[in-house]
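Following this line, the structures themselves.
Each of the two complexes below includes chain A, the first together with chain B, the second together with chain C.
Coming up: the complex of A and B.
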C-alpha cells in the first residue's frame, strides 16, 4: 500500500473514531463539571473536578433500581426473541405452503412506525394486567424488536449447509432433534450477535418505557435520567453523571464482547 | 456439564431478577390504609412544587388515616405525561386524578366519557365553587358537565437580570417594544444576549414573546380562535420576533427550553419570558444573588390596542379525574381536591412551591415576606393585570403547533419574510 493510501486509511479511521468517541468523552467530561462550567466552558476541561456529581445523582434517584429494571426488561425481551427467532428460522428452512408469506409477515414489523401503535399497545398491556411492570415492558420489547432478532438469526441459520441436516436425518434424527442438536447450536454465534444487539436496543429504549411505567419499581434507567431534566428544571451535571451510569452496562458489554460480535457478524459470510 | 451448570445459573439469575422486578404490580383499591387514589402529574420531588405536593399529601393522609390514602405518581416529562394520560383514557382506564393541559380546539379528553363530572360536587359546596374563576369553570363545562378542576394558569412575565441591564446602562425596564429592542442592542453590545429564546419543541419562550407582540399590536383578539392569522398584527409580531431572535443567544435556533432557561440562569442572556416555575431554578441557581432577577410586565406598542400590564398566560392546566363507579373512591377524590385547593394549600404552593394555583389565594403579610422576591412580584403583577390572554401556541391547531419550530427557524434564518410567516401560519392553522 502506498503512503498516500495508508494516510487516507488512517484519516478515515481517525475521523470515524473522533465522531464516535468525542461525544462520549464530552459527556463524561461534562459529568464532572458544575452547571455554570458546562455553559461557560463547554469544550474545556472542568475548572474543578466534581466527582461528587455521581454520588449526588445516585442519591437523588434510585438509579440502581432503574438499572435493574432496564436489565430485567431487556433480558426478558432478548430471551423471548432469540428463542422465537431460532424456532421460526428453523421452521422456515423447510418449504411449506405460505412459507414465503410467513417470512414476510414475521419481518413486516420492521416497516411499521411503532410509535403510532402506542395506544393499542397501551390498551393490550393494560388489559393483560402488566401495565407498570417490568414484565409488561419486556413483553412489549419482545414484540417490537422481534423482526430485528429474527432477521439476524435467520440470515445466519440460512448459511448452514443443507448437507448437515441431511446427514443428521439419515442418522435417524427427527425434526425436533435436529433443531435442538444441530440447527440451534450451529446458529449460536448468530443468536449471540442478535442477543447483544437486542439487549442494547431494549436497554436504550425510552418512549414505551416512559409511557408504560409510572413507578420506580418499573421505570428504566432511560426514564430515570429524565428526572434530572424535567419540564421545570435541568440539572445537567447530574443528568450527565446519570447518563454515564446508564450507558455504562452497554458500553461494558460491547467492550467485552466486541471480538465475539465481529466474529459472529463475519462468520456467516465465510461459511 | 460445565456449560449446563452455567446455563442453569444464568437462568436462575434471570428468573430472580425478573421476580424482583415483578414487585411493581400496581397497588390500588381499598386496603388497610383506606381508599387509595393515585395522582398523576409532573410534580417531581426535585422541584419545589413537587416537594410541597408531597408534604400536602402526607398531611392529608395523616388527617384521613384509615379513610383515604393519596399516592403521587410523577412523570418528569410533560409531553410524555400527556401521552400517558391520553393512552390511559383511550384504554378506558383513566388515572384517578391527573393534570392535563386544556385546549379548546381539542376536547377529546373531555368528550371521552371517561372523566368525572365535578359540577354536582361544586354545586353542593358554593364556598368551594367560589374559589374558582367563573370563566375557567365555564370553559371546562362541556355539554353541561364540568370536566375538571382548574389547576393553574400561570402568567408568563419578563424575568430580567438587573445587574446585566445596569451594566449596559439601562436602569428601568422598557415600556415599549421599540425601547426594548434599543435596550437589547445595548445589552448585546455589552457582550450578553438580550433575551433567551428557543425554537425547538413548542418554542415556548419565543412564542411567549410572539404572543405579547401580536396582542400588543392587534389587541386581545389578535389570534383568538377563528381569527385569520394572515393579518398585520401577526406580520408585525413576526417582524419583531425576528429582531428578538437576532438579539438572542447563538443556540436560540434549534435550542430547547432547558438550554434557553440555562442561558438566562447562567447570565448569558439578560432576560427571558417564562412562567413562575422558573423562580425555583432562579433561587436554587443564584442563591443569595437571586434577588438581582426582577420581574416585569411585557412592553406594549403604546398604540392603545391593549392596556399595559396585561399578561399572556400558559394554557389552563386542569385536574381531571376518572369517572368512578366506586362511590368511596369518588368521595376520596373530591376530599383530596377540596383539601388541595383550599387557601392554606394554595398559599403553601405559592410561597414554598413557587406555583400559583388557579384559585383565589390570599397571602397574609407574613406569607408575602416568606415568598421569594420574584414570587411576590409575580403575584402583584398578576393581581394588577387588566387582562390575561392565553399564549398563542396553546390555542392553535396541532398541525400549526407542529409547524411552529420550522416556521420560526426559517424566519430567524431569513428564509421567509414576516409576511410569508403569517401566511404559512394561517395555512397550517386552517388545515
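Coming up: the complex of A and C.
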C-alpha cells in the first residue's frame, strides 16, 4: 500500500467522521451557552455553562406528552406488525392456492413511495374516527411499515428446518400449537430484529404524524420539536437544547446496542 | 407490484420466490379446518395491507379525477387536475427538483457510499468505530437532524459561516438557506449525512466475496485500487441496484429536510413532490389536485424502479 493510498484512505474516513460528529458536538456545546456566547464564541467551550437551558426548554412545551404519543404510536405499530407478520409467515409456510399471490400482495408497497398516499390515508383515518389519536397514528404506521417488518420476519421463519415441524406433527401437535409452541418462539430473533427496526422507523417518522394529528392529544416528538424553531427564533440556546433532547435518547440506545441496530436497520434488504 | 417483476435482483427476488414450502403437506391443505386456520392467520396482515396500502392506492387513482375540497361529494372533472398540475410552475419545479434528488443520489451519494465501504472493507485500524459512527445519523430522527443542519447553515449563528470567517473566506459566506442558488443544494444534506446506510449495505455484500479472488489478484501484482475496481465493484452490482432503489424511494419521499430547512423556498426553489402534495392538501385544501400529484409521484416511482431493474438486467449479461 502506497503512502498516497494510505493518506487518501484516512482522509476519506476523517472527512466523513468530521461531517458526522462536528455538527453534533457544536450543537451540544451551543446548547449550554448564552445567546450572546453563541454569537461571540461559536467554536469554544461555553464561557459559562448554562444547564438551565434544558429546564427552560422542557418547561416551554409539553415534551413529555409528545414523548408519550411517539412511544405509544411506535409501540402499537411494532406489536401489530410483528404479530401479524409472525401469523402470516406461518400461514405461508403451508402451500395453498393463491399462496404466491397472497405473498405478493403482502409485499406490495415495499417499493411504493408511500408519501403519495398521504391524502387518501388522511381521509381513511378521518372516516375511521381516529384522526388526532395515538391509535390512529399507530394503525397507519402498522399499515405503512408492515411490508418491511414482514420481510424480516418471514425471511427468518423460512430458515427453520422443516424436520422440526414434521416431528411436532407426528407427535400430534395441531395447527395452532405448532405456531404458538414452535414457529413463533423459534422466530423470535427475527421478530426482535424487526421490532428494533420498526420502533426506530416509527419513532422518527414526521410526515404522517404532521398530517394525522393536530394537538398534544396525539402530536409526536417529531412534530413538537419543530415548535422550538418558530417559538424561539430569537432564543437559540433553547432551540439547541430542545434539539439535543430530541436526539439524545436514540443516540444513547444506539451506543449500547449499535451492532444489533446496524444489523436490524439493514436486515431484509440483503440476504 | 415490482416484487413479481422477472429479472429483479436476487436480493429482492429471494423474497419473491416461494421459498416457503417447509410445511407443505403432501396433499395440500386438504382439511377444511387447516384451510380455515391459514385464512385466520393471514387476516391481520391482509387487513393492514388492504386498509393502508391497497385501498389508498385505488382511492388516490380514482379521486385524482375529481375536484374536492374535503367536504361534500367529489365532482368528476376528468383529467383537469392533471392539466392544472402541469400548468403549475411550482409542480414542474417539484418534479424537476425530485428528479435532481434522484440524480444527485445516484451520481454523487452512491459513489461516496461505495468509496467509504471500500475503505472500511480493507479493515484499517479502528474500522468498527468508523462504521458505527458513520451509521449513527440513520438512527437519529430526520426532524432533529434537519434542525441541526438548519442551524449549521444559518446565516448569522451557523457553524458553516463561522468556520468560513475563521479561515478568512468571509467572501464565501452567504445566507445558504434563503439564497435561491444554494437552497436546493442545502436541503440535499441527507445525501452527505446518510452515507452510512449505503456503506453498510455494500459492506454486507463485499463480505460475501471469497478472499481467494483478492489473493489471486495480489499474486498477479494487482494494486489495491485495481482489485477494488475489477473484483469488488462488479461483484457488488446487485447491492448497487438495491441502493439505487433506496435512493429513488428516498428522493420521492424527501420531505423532512426541505420542510424544516427552507419550507421549499425561496420562491419554490427547493420544493419537492412530497412537499407539494402536503401543501396542496393542508394549506390549499385542494384534495383532488393533491391526489393527482400523488398519482404522478407513484408513476415516477414505478418508472424509475422499472428502469433500475432494466439496467441491472443488462449488466447481468
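Quick note on the criterion: the second predicted complex is superposed on the first by the 194 of 271 C-alpha atoms of A that agree within 3 Å, B and C clash if a C-alpha of one lies under 4 Å from a C-alpha of the other, contacts with A are read in each partner's own complex, and residues count from 1 in each chain.
As a convention for this text, a residue touches a chain if its C-beta (ideal position, glycine included) is under 8 Å from a C-beta of that chain, and two chains touch if they have at least 3 such contacts.
As the structure is a prediction and not an experimental result, all values here were calculated from the model.
Chemist: Based on the superposed arrangement, let me know which partner A:226 touches: chain B (first), chain C (second), both, or neither?
Modeler: In the superposed model, A:226 contacts both chain B and chain C.
Chemist: Touch test for A:236: chain B only (first), chain C only (second), both, or neither?
Modeler: After superposing on A, A:236 lies in contact with both chain B and chain C.
Chemist: Can A:118 be said to touch chain B (first), chain C (second), both, or neither?
Modeler: In the superposed model, A:118 contacts both chain B and chain C.
Chemist: After the superposition on A, what does A:28 contact: first (chain B), second (chain C), both or neither?
Modeler: neither
Chemist: For A:84 in the superposed arrangement: first (chain B), second (chain C), both or neither?
Modeler: second
Chemist: Among the partners chain B and chain C, which is in contact with a greater number of residues of chain A?
Modeler: C
Chemist: Name the contact category of A:93: first (chain B only), second (chain C only), both, or neither.
Modeler: second
Chemist: Is A:104 in contact with chain B, with chain C, with both, or with neither (first, second, both, neither)?
Modeler: So A:104 only meets chain C here.
Chemist: Touch test for A:150: chain B only (first), chain C only (second), both, or neither?
Modeler: In the superposition, A:150 touches chain C alone.
Chemist: When the two structures are overlaid on chain A, which partner does A:168 contact: first (chain B), second (chain C), both, or neither?
Modeler: In the superposition, A:168 contacts neither chain B nor chain C.
Chemist: Based on the A-chain superposition described above, do chain B and chain C contact any of the same residues on chain A, and if so which?
Modeler: Touching chain B in the first complex and chain C in the second, residues 39, 118-119, 122-123, 207, 210-211, 226, 228-229, 236 of chain A appear in both lists.
Chemist: Which residues of chain A touch chain C once you look at their complex with the stated criterion?
Modeler: Per the touch definition, chain A meets chain C at residues 1, 5, 9-10, 12-13, 16-17, 19-24, 26-27, 30, 38-39, 42-43, 80-81, 83-85, 87-97, 99-100, 102-124, 139-140, 142-144, 146-147, 150-151, 154-155, 158, 160-162, 165, 175-176, 179, 200, 203-204, 206-207, 210-211, 221-223, 225-226, 228-229, 236, 239-240, 243, 246-247, 250-251, 254, 258-259, 261-262, 265-266, 269-271.
Chemist: Mind listing the chain A positions that touch chain B in their complex?
Modeler: Residues 35-36, 39-40, 60, 68-69, 71-73, 75-76, 79, 118-119, 122-123, 126-127, 131-135, 138, 207, 210-211, 213-215, 217-218, 226-236 of chain A touch chain B in their complex.
Chemist: Okay, in this complex, where on chain B does chain A touch?
Modeler: 14, 17-18, 20-26, 40, 42, 44, 46-47, 49, 73, 75-78, 80, 83-84, 86-88, 90-93, 257-258, 261-263, 265-266, 268, 277-278, 280-281, 284-285
Chemist: Which part of chain C faces chain A closely enough to touch in the complex?
Modeler: 1-4, 10-11, 14-16, 18-25, 28-29, 33-35, 37-39, 41-42, 44-46, 48-49, 51-57, 59-60, 63, 115-116, 119-120, 122, 124, 130-145, 147-152, 156-157, 159, 162-163, 166, 192-193, 195-197, 200-201, 204-205, 224-225, 239, 242, 245-246, 249, 252-253, 255-256, 259-260, 273-274, 277-278, 281-282, 287, 290-291, 293-295, 297-298, 300-301, 305
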